[in-house]
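After this come two complexes, each holding subunit A, first together with subunit B and then together with subunit C.
== the complex of A and B ==
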């Protein structure tokens, strides 16, 4: 396999077969599992018997005829959109707030980045404790209003998904902030000065100059937040476990539950559906966001 | 160059797939053959046994292990599998990871979930079987006429824990004798300004007891056999009726106002404080009460009675802390040692075990220690005459509790609860290859 002689000197320094170790790791840990994700979805693999037989599209038909999967898909999409909105709003807000390189701002940026490196489960459990009817948040509100407050923040079948999306966004907003900060730094001082000379105020400057020029950062942040939170599991599992009444049951929580029942093939089928959904969604979203970058 | 690259990729992919293989890693034929039962004190120096336990059962074996290690020289390690325990164990076993022994719910549905015929040692002629009280010997742990699990403590019973002081203060002297008098008692209490029932829909899992106790008579009449054969379903009048009744009782206002957000901890505190008069629960609820009050206070305040539509038949539901299974690990020596540990546990070590655990003895020759609370004795007395729960008798265990919790939260109607449960049950039964699905 070694390239001999004819290839240029660069080729001799970097023979292709040097790729094999990395490639092997990639194949074993990424390619094969992905392929198996496709294969097992068409079998009857379960904890109940040792044999694995081909089952055709049986898993798909039974999954789609059952309302739970459609509900979980809906919840997942709503959750992802909410996370994308909140995480970017928070991240951009923080970036603008701490844009100047002062000593205080640097320290505060670190503080807001800390949740990003925290364990998601720990974050979930902390918020679960804070948001309990007799938790700290109600205690604080009660202290200010002087009354007994016992709002079940995680108990509403309508609003809990918004609350958990905010928790998710809170955890990751530090990362978005960092990327927006980097984006703000790349904006040329000349452009800003020109705008100032033209008499642009702070708001016009942001709306017409800085935000459009942040397009690459927006692309990255929106795409990762949206597509990343479609794979969400840990925070929601720790705060609500999919409740109340299944209104925060993300697809991954549903997969976890199905896998726990011993229905491995069905769980695999669902994760394949999730994979396809993310893929299908990724192309138009990224394409649309890239289009915005044409102003650059 | 491009071709060469493609070749390399193809070779790498092919070899990786070949290495991984396409078989189920959980498949293991194990060793089949005549089973011997070593003497309880046979020397086991140099042998290490592993027991998997859950967070609430990992200290249960302590006294047994200490005695066994001293007697035989074996080493026994308890490995805690994090909650949710059952999912964790099933996943590990499916990938080929097995302990020597594990705590496991000894019901047919859960033994099926572990693929008992493939993975577990049969315990058919175990030496301790005759020591059991006769009515408990074959109550559970058996799948397709083969015994796979050893019952070590009295199985949980679904029934009503009540606050004796609240009953007395409202002039109730006798506990209800059937479903109608049970509801009458509740309505009388409500009229007197007391919350009759407490439910914990935020933690979900106890919601199913209300439906299951209503099915006790039907269960005695073979309900679950018919469900298992797909001759009757959750949407048919019997089970649907029980779900509808539960919903009607909630709508009637017989439950605590914070039913949607109340937790397991709230439930224990509420019953003990007399904020609610009755709680439909299982033994682990009493464990929760024991963490809040001492035996004397519990004897004074808390009582238990089983309930069923026509009388006081309990519904039993053994859980993971009640029983152990021994795995086929393929290592004959360790498999024999695991059987020996069980022999000791249910043999010479049993008295120490029930003393250390302050639990009710299952054996005729072993005394129940004096410090077992009265309510637990009542629970254990009801086991002999009780009928099996869905978990004990159905071939699969669908998430009925989850759908009922959804119903309480208002996102499912009673009819949708039955439909969702039935479709999940059918899915599980089909995966098991059950006839009729």
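== the complex of A and C ==
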């Protein structure tokens, strides 16, 4: 350290003006709109009049009293948790199934990555067709059971959110699978060998050795699944557009719909709610998951 | 348990496998293929089969094969009606400058942030990477763009994407810069190179692998984005996902599943081809960032 001090880097070798272009873009296109969010949520900004007036917490009280705020918050949270569960369960299951480096497995892994690179909107339309009451999924079930099946997968006020979350997980499970595969590769053979010598069966081995050692992969996958689904829009818009009866109306769906109706202030209010929700949830979740890694 | 007690046990366990090269039923490969066919094959087949049908046959999309394959006729039709060419170039028009922009501005900033210490740098770094987690304020961005006269323009969309994905670049590259030895920069400095030359000649080439990863991720997001595009340029500039949204939600096309699916196939092809060509790099790039 000391020896380096003389010839070491001086401040002018890394001039601060290199930061300015990036900062300018961040301030104009990220920071200022975010600050605006906190301002315009308290106005009556809409497409119906030219003047924008201060309106206090009117937007919040009206959204709260007609139930949309609580509903959208609840739907978004439930959706995020469901997606995180399904995406990780599917991803981990696939990673364990395709763990060995055989030719078949390598090909299948690549195939499972195709939904990841597809447009989420396209995935939504594909499943809208697949899940119609007279669609292909019911056709397959009917073929197996030998009866006419017409389950309205996207028409249930209780279960549709689960179905859509599964579609979301279907799109992204290939990514989780890859992360888990990479995590499984990092577990040293010695540890596994030692466990095998101690007589650990496959299940014990997975539960008490491999799964705990996958902690960094779990952190990444859970955090990205939660964040991705809280900001979700495309898949829900393409499958249910928030229905039936608003039971899949995520915050972003609400924002898009009210924006389209010209109710800009209400859309801004919900955008602020989303911002606060992510801020309040994301950091503790990430910290909690990181802590779990440290214990090991 | 002692080692001596374990040894015979392992010996007996390994031995039978060697003794009996009996062909077992290949459970794993069969299970792997079965899962892939059920989970991926069914939806993909639905897309291809429906995209090859005519309107009457595709009215109720099912898994039956088309009585007559007219995939390319349908491609030709969506090519015209779905404004594919305009959408393709519109997508490129916003994606390429946004990606190049974030890579250059992001690595410039990340170089400084990775090299300088101090509270100011730490604060700027925190602001710089906060966008990874925090959602952009999509409604007020539109307001701001109107005030700037950029609403509905490609430039506005590029700015919005840059604001969103600069964080990703800054995060990836700052971590990478810290692993580059100072000596490499010093050698250039001794030769009389200023910061700009050092950055362009020494640092940028070294950043290649991490910039490749960031490029892949950001291209994936921007190419497929429809949410932010709907707010910023919806109706005023064509991009592939926006046109798909219009084709699919227009009443006229509501029953035209064959066209929607033909559109989906064509729209996915560019990324699909890129992926097939560079799959190894893409996969290793994405996973290397996640699990350290």
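Note that in this section the second predicted complex is superposed on the first by the 282 of 296 C-alpha atoms of A that agree within 3 Å, B and C clash if a C-alpha of one lies under 4 Å from a C-alpha of the other, contacts with A are read in each partner's own complex, and residues count from 1 in each chain.
Keep this in mind: a residue touches a chain if its C-beta (ideal position, glycine included) is under 8 Å from a C-beta of that chain, and two chains touch if they have at least 3 such contacts.
Remember, predicted model here, so these are calculated numbers, not experimental data.
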First (subunit B), second (subunit C), both or neither touched by A:233: second
First, second, both or neither for A:279, with subunit B first and subunit C second: second
Partner touching more residues of subunit A, whether subunit B or subunit C: C
First (subunit B), second (subunit C), both or neither touched by A:211: neither
First (subunit B), second (subunit C), both or neither touched by A:64: neither
First (subunit B), second (subunit C), both or neither touched by A:264: both
Which of subunit B and subunit C A:244 touches, first, second, both or neither: first
Intersection of subunit A interface sets (partners subunit B, subunit C): 7, 16, 19, 23, 28, 31-32, 36, 45, 256, 259, 264
Residue ranges of subunit C touching subunit A (in the complex, touch as defined): 1, 6, 9-10, 28-29, 31-33, 35-36, 39-40, 42-44, 46-47, 50, 60-63, 101, 105-106, 108-109, 111-113, 115-116, 124, 127-128, 131, 133-144, 148, 159-160, 162-164, 166-167, 170, 182, 185-186, 189, 195, 198-199, 220, 223-224, 226-227, 230-231, 240-241, 244-245, 248, 257, 260-261, 264, 267-268, 271-272, 275, 279, 283, 286-288, 290-292
Of all residues in subunit A, those that touch subunit B in their complex: 1, 3, 7, 16-17, 19-20, 23-24, 27-28, 31-32, 35-36, 39, 44-52, 62, 66-68, 133, 152, 155, 157, 243-247, 256-257, 259-266
Complex interface listing, subunit B residues touching subunit A: 1, 4-5, 7-9, 12-13, 16-17, 19-20, 22-24, 26-28, 84, 86-87, 90-91, 93-94, 112-115, 118, 201-202, 204, 258, 260-261, 399, 402, 405-406, 408-412, 420, 423-424, 427-428, 431-433
Residues of subunit A touching subunit C in the complex: 4, 7-9, 11-16, 18-19, 21-23, 25-26, 28-34, 36-37, 40, 45, 94, 97-98, 100, 102, 104-105, 108, 110-122, 125-127, 129-130, 132, 134-137, 139-140, 170, 175, 178-179, 181-183, 186, 196-199, 216-217, 220, 227, 230-231, 233-234, 238, 252, 255-256, 259, 264, 267-268, 271-272, 274-275, 278-279, 282-283, 286
